[in-house]
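Across the two complexes that follow, chain A remains constant while its partner is chain B and subsequently chain C.
Let's look at the complex of A and B:
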């Protein structure tokens, strides 16, 4: 039994003081007599599948270029495109549903945010992908405006927090809102330009929002010439890709921001309640877009310039998988999984559970936004009907069928579930019956999903035998 | 003032006073017990100290620093770790991962480090793994490091929970019924283990236990709770002979 081992132990006396700081503690308990090859020990992060990345880039991207060149026909190329979107969506949702264990039904909401907030600047400001600075300016202006709005809301909430309990703080908050209301109104009434407006003067929100709109327009107007000048300095060959990358990252960040705003309150809920909250959130996003005139309303945005091609798409697929993989199989991933396993125990070992959950949610939302941007910049037109609940459920099915927690499973299921309905087209009206029966059969045969929680082993582990590797296969 | 000090801590749930005027001192290297009949408020006392519930009144200090009203994770980082009455392991993670989660601090979790995977990432990973293995070896769990935690035998699960708590580098370790569901042989081993941890890690240990033999033989001081009230404090002999304690356990004297 353990106490007998005491003579072999290093004295851990100093190490048990947490105030010594992380650096001082790092190797405090690592004994000298230990085997110096610790990575042979099983553990999450000993999964190192890095070698797949160069392999994937070497194989996938030329393959994408090949398919793009229309050798396989438009129809097949279209399926390959759909697989690309679905892999990004499924893998990013795996981070939320599988790794952090927070069941979200609202993934397509973030995709919609990404799609619209890439399509709109691409159409309005990008000047056919020649003006990346103007697009950047759009995102900055949006960021400033949303930031101000957020800061005001945060201030109100903090003030409410000062009163400890909500019902006691309500009078304080109400008073504050009234003060702001009056202040804004008086200043607006004082400026003569507003005199002719039909909007009621007492409506603080319309004025507040109007002010933000003005601010946004002002930033755009003042920055336009500077942006054009900056973009003018870029060689034409670079301007296109730069503009596209700015759009992807900008749309991703917008979706991530939406994920943050939604996640912070919603992630306090668990299980079914969270699923319903995220579902509602996705609907709110869709219906907001439907009622937004600049975003085209129910008719959608048309005439979006196209830039996405399969090479870009599969480049993003590789990056998404790499990102999610590295986050999952790292110390951070371990912490996120600990929260999934048991929140109470996780906080008892010093993990800020809300923070980890929101982090996973924001990362997932980011890539959903990127997928949305890739989608919008490929389709010429987008409508809100492309972002309904069905689409969310489709992605959830991929994640669950692939195996909750397995990135390989998500990729596999995304591929299978995109091809399957297409392959079944020959049986026409029986198509969806066979499709859904197959889903049921698969889930009955493998309730844990295709892959369970297992992953693709590293290439060395798979082919080590043939490579004659002398070292441990998991290294 | 070293160690954990609770002063006149109370906790009410609506009209129910689950814990009232509770005071306690656990110094580094001390072994202190908390006993009482079912529903006496023992676990509530643990939950209040570890920040699950903020106290309704009173103050809690760790090494002279006030900790009451802070979040659970903050208090853990401050140096109080606990186990749970009903084992709460990270079931589908490996035994080793259960322990290494406890090492995680923000420095290790940096996003750029995680994404770029420079050699430093692997060095830190190896270091964490080695520390985790060393700790598992200390507690005699090294052989099952790769097992999924929920497949461990019961006694080992209890031990893994203690290992995980120790991984966070506590000054004070709170054990909630560590011997629950153990057979006599396992209890003897557990007693050895608790003493061993106290000596090796120089932590103060505060434990809730129903097994009187275990509590009386290893604890230096014991607090007895009944209906949220502290009815006795003292050495095992003093507590054993205290009429109020006997009454609480056996009912009214005839």
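Let's look at the complex of A and C:
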């Protein structure tokens, strides 16, 4: 406090010494020193996405409706749809890889979680999008069950952690033993049910899982009539969209939950380790889905009702971009960026770095889940092969090409890199070779990506001259 | 018991292959702190090149195969040399220009190189996307058993894999611990800039590291193809990742750790497939579970040093 004061003291002394007239001038100028944000964050005021939103809605949604109406042909409409998914994925990954600086290679894992956990209730409970309450009930029951499971696991881990004073490696060993026990327990129980036998008594965890399954069923059974009543009161015109929105948000929350579970341990790792760990997590998610009977296993889930159209899709695109933009250029965004720039310095000024990283990760995972839900509710059927490592890498390439940290760049790169392979279809054999060479060449020639960390300025700053507002240009 | 010992031997021979690949990962990580994502694809190139060379020379055709260990040896030697060259080229053109940039950039070019090798290999004029049988018939008598003790059979293939791995590891430890280049390698991995001040030619050492690692990966690819005689351009993906897990498990940057990690990973994988119900379905997930567990429990790995970050 005191050194700062002594720094500020001299200027008034200097300015007051020459003459009284000069002192009067400094008084008149004083209010300017209290000028808010623009001088503190140069460029931030021109980064307002809000101004683009009306324009985007006015342009995009009718455009999407136009493309949907079969005037441009199925093939082009398909490309526009792919662009929509990719923009959401790229922008949400930008939050993780660009803004928070954590290199995630497992984004598609969250998309898979969202896709499957939207497709399954949509197929089983939604009654062709007429019963939003039942879908909500499904997510609630899932939340309760997962919450209980998480609480038990957390308790066990804390228990293992209690013995920290005995030996440093004991909690770790206990964790390993627990994991192995779960694996053996679950698989023994599974093979017993396969053979039509009762689950052995010592399969404690699996009995617990069975209990949770009963709880899940009980919640479903008890809530079903209430849900049907609530849904019955809704007019048919509203039930469909409400159901769809519940599915999107529910799937997004499931993916965000997965992001939380994955992120909490993984984000204590750095750089390459994190990349591999997220890659591993995504593979584990995919392998688990492949071995899950309710989710269709390797053959995938078929007969999913379709609801997504381009208007919904691009509505979600606009919302995602707006959300990520607002988070990035908010106070929290600055904190997250501080962690990216220098983790040690950030923790030295009191930022909980793991918390900030997990926040970015959870937000990113949420939108990946929404993208997955949009994808699943558009495709009639989904298989685990749609969510392989290649897809993650594709999204990473988009983010990198656009410029790590630039949302505009991510959007542009998502559009370009979706159209490019289609444009290269005439040289289909060389398409992926060109694609991968491009990645190397870009990294060698322009490592900061197309846009660097720059963003699209606000429309006022761009078109201010023609709108006659000089202020917009200078701000 | 007999079955268990049999499983152990299978696990060891699979683990030996992982160890050969993991050594390359760990050496490159030691000198550059870079995960060479393309390393698994160099492994693939080792196997694929043998087939391509054998077909190109005419020793393997659609209807005939030359039964000759010598012919196979020539193909294998050429292929391993090709892998070494490939490692050199990758380092020279994809990693060296980015050496002083953020590590993330090199990681992305590494992914790019990996994709280039995979998709390049899938091009019909190079190899094509469909798996092809490996010309194991060129090695007469390799399929038999070497010896058996109390019902436990050691096949000639497993014996060969273990013997070759042992010889290569002894050779590697000689190169690293007893030669001048090895001294340079250790110096560079210990402290990059100080090694340069002491007159170590860093560029040469790094190139050498890549050539050495890629050569071992090439040998591993050929051995893997002999054990599982089918090759395709994507065959390097999973063994590559698993070998990386092995390197992390043993403590990345530590050569002994990589060998140990590879052997343990091979054992765990084979035992899990053999003894866990439905184990074979989770085969490829096991490596990742181990990876995540080790990263949580002891991120520096079994033999790795705990590096404290200085501010």
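Here is the rule we go by: the second predicted complex is superposed on the first by the 374 of 475 C-alpha atoms of A that agree within 3 Å, B and C clash if a C-alpha of one lies under 4 Å from a C-alpha of the other, contacts with A are read in each partner's own complex, and residues count from 1 in each chain.
By definition in this document, contacts are C-beta pairs under 8 Å (C-beta built on N, C-alpha and C of every residue); 3 or more make two chains touch, one makes a residue touch a chain.
Keep in mind it's a predicted model, so treat the numbers as computed, not measured.
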Which holds for A:430: it touches chain B only (first), chain C only (second), both, or neither?
-> second
Go through the superposed model and pick first if A:344 touches only chain B, second if only chain C, both, or neither.
-> both
Which holds for A:447: it touches chain B only (first), chain C only (second), both, or neither?
-> second
Can A:331 be said to touch chain B (first), chain C (second), both, or neither?
-> first
Could you say whether A:292 touches chain B, chain C, both of them, or neither, answering first, second, both or neither?
-> neither
Using the superposition on chain A described above, determine whether A:213 touches chain B (first), chain C (second), both, or neither.
-> neither
First, second, both or neither for A:275, with chain B first and chain C second | second
Report for A:69: first if it touches chain B alone, second if chain C alone, otherwise both or neither.
-> neither
On chain A, what residues does chain B touch that chain C touches as well?
-> 344, 348
Which residues of chain C touch chain A in the complex?
-> 33-35, 94, 97-98, 101-105, 107-109, 111-113, 115-116, 119-120, 122-125, 237, 241, 244-245, 248, 276-279, 281-282, 284-285, 287-289, 291-293, 295-299, 309, 311
Could you please specify the touching residues of chain A with respect to chain C in the complex?
-> 103, 169, 172-173, 175-176, 179, 183-184, 187-188, 190-191, 265-266, 269, 271-273, 275-277, 279-281, 283-284, 287-288, 290-291, 344, 348, 389, 393, 396-397, 400, 404, 429-430, 432-433, 435-437, 439-440, 443-444, 447
Can you check the complex and tell me which residues of chain B touch chain A?
-> 50, 52, 71-73, 76-79, 81-82, 84, 88-94, 96-97, 100-102, 104-109, 111, 114-115, 117, 121-122, 124-135, 137-140, 145-146, 159, 164-171, 189, 192-193, 195-196, 199-203
If you look only at chain A, which of its residues touch chain B in the complex?
-> 1-3, 5-6, 9-13, 15-19, 22-23, 25-31, 34, 38-39, 41-46, 50, 323, 326-327, 330-332, 334-335, 337-338, 341-342, 344-353, 453
